[in-house]
């Protein structure tokens, strides 16, 4: 049974990944052709000719149309066939899907579900995207051979940083600090403060802290596939309030997960920060630290994915730190159940997708 | 359900591929051992010992017998076991299949079906094989990761050359010229003439034409797995008749498809030509051009094969240019149905093997 | 249906393979973590955390406990969870399997079945392990992509050496010498003497024989996965009795097969010899000869395993030399049937596992 939610906006690519060339992406298992039209907008078509199934991305552009590389059938950016060489009549069924696209803040969003349900107002946004006192920096794309649910739950799980990211995002000071979890609409939030302790590697290297700090981690996981982690530090002697985080060094680390298939996920990551605004050097430094940390996550998540293919010998155990991930999997299960029954008003107490 | 027709002659190899060594081939999914006997004839045995299933090709020749490399069971070229080391009695069931073989014009033909139905008179032949005014040149073997039906239908499809082989076998002049289709016995023929147009790359490079030409393409696809393409050009000012093709530069490009498995096909290609007879330089030049064109086919066919593994979202569309391929798939479906019901006189209106 | 017998002692590793590091092995399809405790004993745990299924081998040692690399759950060498970071209560179900281990003569034995049935008295032993007049030498580990049954039956099959190991362990003198088979408890023994013939390559290179010898091969296959081959030579003019083998040059070649999965087997091999005691040079020379021979076996066994995946066209034939292998497969089938029905007293006439 699929774990992929179709009626949602996904990140197809950074804006910089799309240009005049015909490029093939696979999203939710479906091949998608992306290119930039002559007017600059991004076009997205099903990447398979309805005649003999050649990917249209192997054909060529003729203006804003795409000509199949096998027999020359030509499609416009609405997916409508506009030419069949060798005959005048164009069959009514000669068309491919065109996907709704929105491009914002350097991010290309795609809607893979029922087109009539696509509402651009639902696209993820943060006030800091539009605030000049914050620096926005697009990072890389982490390819992970794992189902996306594992990747996502890792992003509502502050507890793992103490063990997975000992030298970057966590340290032993946080090992026993309990995690709080709450939900707000489509977001699950897991957070904790670690007060008056040694700064983690990230803020030693980047924030320049030397004495003890108050450190926070707020993991916001928005259904189904977007996360941002609000984390930062302030001098412990200041004893700042929880809602005064902007007075410290504060980072919003964003993760846009794109399920390629049930077993492969791309995590595009970027950040916003309230310090070193305009400094490319700071961005590069931060990228280097994130790349170490995300490499640590990738190693863990791929190993877990492999083990999940093996029949389990025992029931999984449930811990206090699993609260966020369990709520997430329950909510995803409900979304899938609604899509399966094609009933947007279905009750939200469907079967759980708990750790398999 | 298999797509492989067993009661037919297939090309196992060029004559030059077979010598004294034990060599393993896989044909219609079955392993076959081929070697040249001391009298020069080609022997073909099932390549698996009936004792512990070691391929006999891993053993060694002892005269015209083959000794298994595991326990020394020895088989003659009829597939009969003639020795079991350690015991005098040879079990009646100790044998392997021997396949009918015919070698003609440098081509080794094999019959993989019921031996009693093998009739050498059914082997593909052309008058030009035996005509000294024609030059015969054996080419290479194109390995294609695709079911053979895709490869075959490409060889009764003149329309694709305008798009797949723009620089070699086609050009835009032919894009909208309709294709005629007829059938003669076991052959499906699709053809068209492109009159008074620029010569294609092939005849620019090879035939030396500079002005406009009349160009023809006759695709003959003989069931199940042999094709020859009669194509050529003549000066357009001559306005030659359709049956006067020998007065132009005429080439017969042959393709012998050997299904290795349901997902892998070898296409051995050669040509006959009525010009530059005896010139190795011309053969090399033509090989080089064909290799470019066939590499283009391979790229298309393998991409189509991969897409065919994916569930289709919509019904395939049917175009006028599909007439030849559709007749071919229908006829193959009938052959398979007759083999399935083991009734050579079954009616010919069985289920279709249309594009999956 | 599984071919893997669980209630048996298997060789997990040579003693030299295990040290302070956390190392992952796969045995009978199950991941196993092995490491040497601070007191020198070997610990063996199920290599998967019961929380989120990360292999424990990706975590780290803290004293004699193992801390998971994902969320820090910590297990002792009995498999009991002793710490869950972030909470005081440890769930009762938070545990992993610990496997019985015995280390003897440089060999680490593991029991993968029901722990209460593990009896160290059942572990394979030979008097020569404890006899200073014999030299013991641990060899290498041969990785074979084949089900273990093929590997095992090869070790109760003296007939194959004439054909597979022509230059090392066999020669043509033995081709037609019949094989005797008997059973003693859990052992199947296949043997033959080849009297007054040229020495095989092994004893030419190693034993220094130049004239004719009497040569013996006794293949002892102990259920399910241990074999030792007693083979040697003596000057033919001496005409030694069958039970006077110690007066010749005698070698015990041991094979411990560890099924990794149904399709992959590790064969750890070693030897005992009654000559050149204490000579490392002799050990190296013998290793080199064995490595050639075992490479020959590997090539055969992997080819057979591949062919076994293909549907058979005909029933396998049975020969006199198959007696040992057939008894072995019948006995294994009975062991599997007893494990399947969970009844150690089941009759021994269950279904046969004959060559598939």
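Read from first to last, the chains carry the letters A, B and C; within each, the first residue is number 1.
Please note the rule applied: a contact is a pair of C-beta atoms (placed from the backbone, for glycine too) under 8 Å apart; a residue touches a chain by one contact, two chains touch by 3 or more.
Quick caveat: nothing in here was measured; it's all calculated off a predicted structure.
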| item | value |
| --- | --- |
| Copy pair chain A, chain B: interface residue numbering same or different (half cut) | different |
| Superposition of chain B upon chain C: rotation angle, C-alpha, nearest 5 degrees | 120 |
| Rounded Å distance, chain A centre to chain B centre (Cα mean) | 49 |
| Contacts with two or more other chains, residues of chain B listed in rising order | none |
| List of chain A residues in touch with chain C within their complex | 159-160, 162-164, 175-179, 299-300, 303-304, 307-308, 310, 312-321, 355 |
| Residues of chain C that touch chain A when the two form their complex | 31, 46, 48, 50-55, 58-59, 67-72, 84-87, 91, 93-94, 97 |
